[in-house]
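Per-chain residue numbering starts at 1, and chain names A, B, C and D are given in the order in which the chains are listed.
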Amino acid sequence: MIRVTVWNEYRHEKVNERVAQVYPNGIHNAIADFLKKDDRFKVRTATLDEPENGLSDQVLDETDVLVWWGHKAHEEVLDSVAAKVQSRVQEGMGFIVLHSSHMSKPFRLLMGTTCTLKWRKAGEKERLWNISPTHPITKGIGDYFELEHTEMYGEYFDIPKPDDNIFISWFSGGEVFRSGCVWTRGNGRIFYFKPGHETFPIYYDQTIQKIICNAVEWCAPVMYRKLDCVNVSPIEPIEIIEC
Amino acid sequence: MIRVTVWNEYRHEKVNERVAQVYPNGIHNAIADFLKKDDRFKVRTATLDEPENGLSDQVLDETDVLVWWGHKAHEEVLDSVAAKVQSRVQEGMGFIVLHSSHMSKPFRLLMGTTCTLKWRKAGEKERLWNISPTHPITKGIGDYFELEHTEMYGEYFDIPKPDDNIFISWFSGGEVFRSGCVWTRGNGRIFYFKPGHETFPIYYDQTIQKIICNAVEWCAPVMYRKLDCVNVSPIEPIEIIEC
Amino acid sequence: MIRVTVWNEYRHEKVNERVAQVYPNGIHNAIADFLKKDDRFKVRTATLDEPENGLSDQVLDETDVLVWWGHKAHEEVLDSVAAKVQSRVQEGMGFIVLHSSHMSKPFRLLMGTTCTLKWRKAGEKERLWNISPTHPITKGIGDYFELEHTEMYGEYFDIPKPDDNIFISWFSGGEVFRSGCVWTRGNGRIFYFKPGHETFPIYYDQTIQKIICNAVEWCAPVMYRKLDCVNVSPIEPIEIIEC
Amino acid sequence: MIRVTVWNEYRHEKVNERVAQVYPNGIHNAIADFLKKDDRFKVRTATLDEPENGLSDQVLDETDVLVWWGHKAHEEVLDSVAAKVQSRVQEGMGFIVLHSSHMSKPFRLLMGTTCTLKWRKAGEKERLWNISPTHPITKGIGDYFELEHTEMYGEYFDIPKPDDNIFISWFSGGEVFRSGCVWTRGNGRIFYFKPGHETFPIYYDQTIQKIICNAVEWCAPVMYRKLDCVNVSPIEPIEIIEC
């Protein structure tokens, strides 16, 4: 069983009626709900306003893949928590970064770039083209799929060159976007996936759900290993050195 | 003219007699000296114990490529200075990271990984194989070159997949190492180059000097551009959206 | 001076009146004309129906960068000529592959994939987004540029993962396409660039011309080197082997 | 069950007594033997001197992963068979390319480069460093492993930039080599693995066997899909085009 923790800022839902209508139990629970139907996964949630932002050492010890949703309160995430998430990914934890979480602290720490992009909220159509048809994340997804009403995210998207570019989005307003990208950092696998919004009901879409399920499986750690310690002391030579 | 700033921690040279013998004016001046002989470059130096670690906004405004040497005082670099170096690279400044600077704050901020590795100081032989023979950084370098006495750095080196792996080192003690690697972060180009040490006189080696000169030219910015601002406000659609 | 040879199938222009109106002297001469205005380049042309398809050893000996246009007669290119172009690229010659030349023999030999794609000729709008703003090929090109009437090329484009994806195209009909991509094969640099057509006057567009000029400079060989010979005989060990 | 076909040139074993002593039933059977012990796999063999080089359409129809060993008779493989192997890989078949098969026809067709390298047969020690510790191919393999007596393969190895560099070898004679590399071509995954030889008993080594088993599982096709046909006819627009 892959142990998944779905993290949500969980602020919009409390203050904005329209958001609350779309996600009455919070985006985290909408995501957790479809993950729970998949018997490969054991799912819990965590939110910003819990102690330690809901991500104590114990929770992280029991997390194989962390799904992250943030939007308007990125700066309120504790620096210590962001650093801990970064370390956990380096040690092997999978990390799925949704939509506006491109500006979240842990994602930016892992990327090293500004992660900025262009955006527009006009409710336009988005068509996601699958340009990695044999990647495990696109299993069961065809050549493309559509979202009728979305927020536009456009290039230039300031990210390091992805290990694989999985999806490219077309928007009716005229832009394109690398809307699905993967990287490895240390032992950990990272998937950034653009779709999602606090008022468009994207996470109820079955194709989106299938992709996130695929991604959880793909991001699950092959192994855990602390990398910080190897630097501490010198190692003995394997061969005899003559000099 | 490419404006180069050579930054040095400049601590060893003051406290360790052997280091002072090898680099009497500091490693920064040894590097600046050979760069100054190249009329493509205008060279200055900066050190840790100067105000703002020698890297005021004015100095950075006048820097196209920053060469970094740090070893025992990484943690003393101001967080604000490390963050500023990261931003400047994102905006276009070239960044050459030498030897033990793999653990420096700005390099780790740009990589997002632990940047740890294995090491041993036994004065063994290192042979650097050129596996990117057409990369501008290896112009004039043959199939390989040797350093008689070096500190060993070995794999696993915890870095993001490099855009190009330029050199792979062979060590007589039995290890290998990706000893020259490049990445792009935002508009800026980064070159990590393993050779160098505070007591082995590596920076007097003519092949090493040629590679660093090549790298300065290659890292020089194509353009400068702030990337932080594009995220602030939404953009207008190019096409008419019907929905 | 970079020596450029512009190769053209040169068939459409002779049999189709509309093509002849757009490119009265052939596409090769339209491309050669703007390249000749750039004093970095020395330009010649070659066409399919010349002896050895216009690409004798002497012509290739005097070619630093080969620009290729083919469409309806890919199969008539001699296998020996295609193999020679592949070898020359491996040894260092730059290779710029335009539009329908994605199905040309030498490009397919260098890629190893089918190089197939989706297409439609509806004269729709194409907008090319610059996703590598610091790559030398995009020097002087802004965030995007447009072509009012083009043939659509769409994903999935069956190519090896590019070393860099330079442009992504948006089409009004709903597709996206990786319309500018670079690879290295041996010592040689390759740029595939989608724009171009036999009846749309794409090669008179100034942005297109600037990009092709940039690409010629970028593809110019750093060095020439035969790679075939190193495999012939064993090499002596550098270190003493004890076994 | 993954259906594996192990292909061998099978010539050395018939004419060279030392080879016959090490691999009395041929290298193909030595490899097939350890694969057969793994109940994930259904294994068959094929050899050069069988009709159609042992690779009829029916055999290929029943092959998910093809393991290839060739050395002295690369040129005797039928061009039609090499082309068929290339097509099958493009459609999804996995392809594991062992040792001297770097010069085999199908591998070179898929790479597009010369695939040349330096070599020496001195029976020296090789140490393979695992630089992709979380790749499925290195599951259960530690930081490094050793082969006491091997043929040396050294850089420059003329291959396209690998999607992942899995192993780097150290040789006691002084060279390094990218001894494990993966690429995707179309739907198919390719693993080049350097170890192996006709007189050194490399394929009896348990670490080598584990890596090849891991690689068979990793290379197994996610899906099959012909890519040649999509290019034949134009496609209809998804969006309404106004022009």
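Quick note on the criterion: a residue touches a chain if its C-beta (ideal position, glycine included) is under 8 Å from a C-beta of that chain, and two chains touch if they have at least 3 such contacts.
According to UniProt, the chain labels map to these proteins: A, B, C, D = Trehalose utilization protein.
Treat the numbers as computed from the prediction; the structure is a model and nothing was measured.
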Quiz item: At the interface of chain A with chain D, does the proportion of residue numbers present on both copies reach over half, so same, or stay under half, so different?
Solution: same
Quiz prompt | Distance from the mean Cα position of chain B to that of chain A, given in whole angstrom | solution = 31
Exercise. Averaging only over C-alpha atoms, locate the centres of chain A and chain C and give their separation in whole Å.
Key: 37
Self-check item: Touching two or more other chains - residues of chain D
Solution: 127, 133, 154, 156, 161, 172, 174-175, 184, 238-239
Quiz item: What topology does the chain touch graph have (line, ring, star, complete, other)?
Solution: complete
Quiz item: Which residues, counting only chain A, touch chain C once they are in their complex?
Solution: 127, 129-131, 133, 143, 154-157, 161, 164-165, 168-171, 174-176, 178
Practice problem: Provide the residue numbers of chain A that touch chain D in the complex, in ascending order. | Solution: 92, 127, 133-136, 139, 172, 184, 187, 189, 221-223, 225, 238-239
Quiz prompt | For the chain A and chain B complex, residues of the former touching the latter | solution = 86, 90, 103, 109-114, 116-125, 148-149, 152, 154, 156, 158, 160-161, 163, 172-175, 183-186, 227-231, 234-239, 241-243
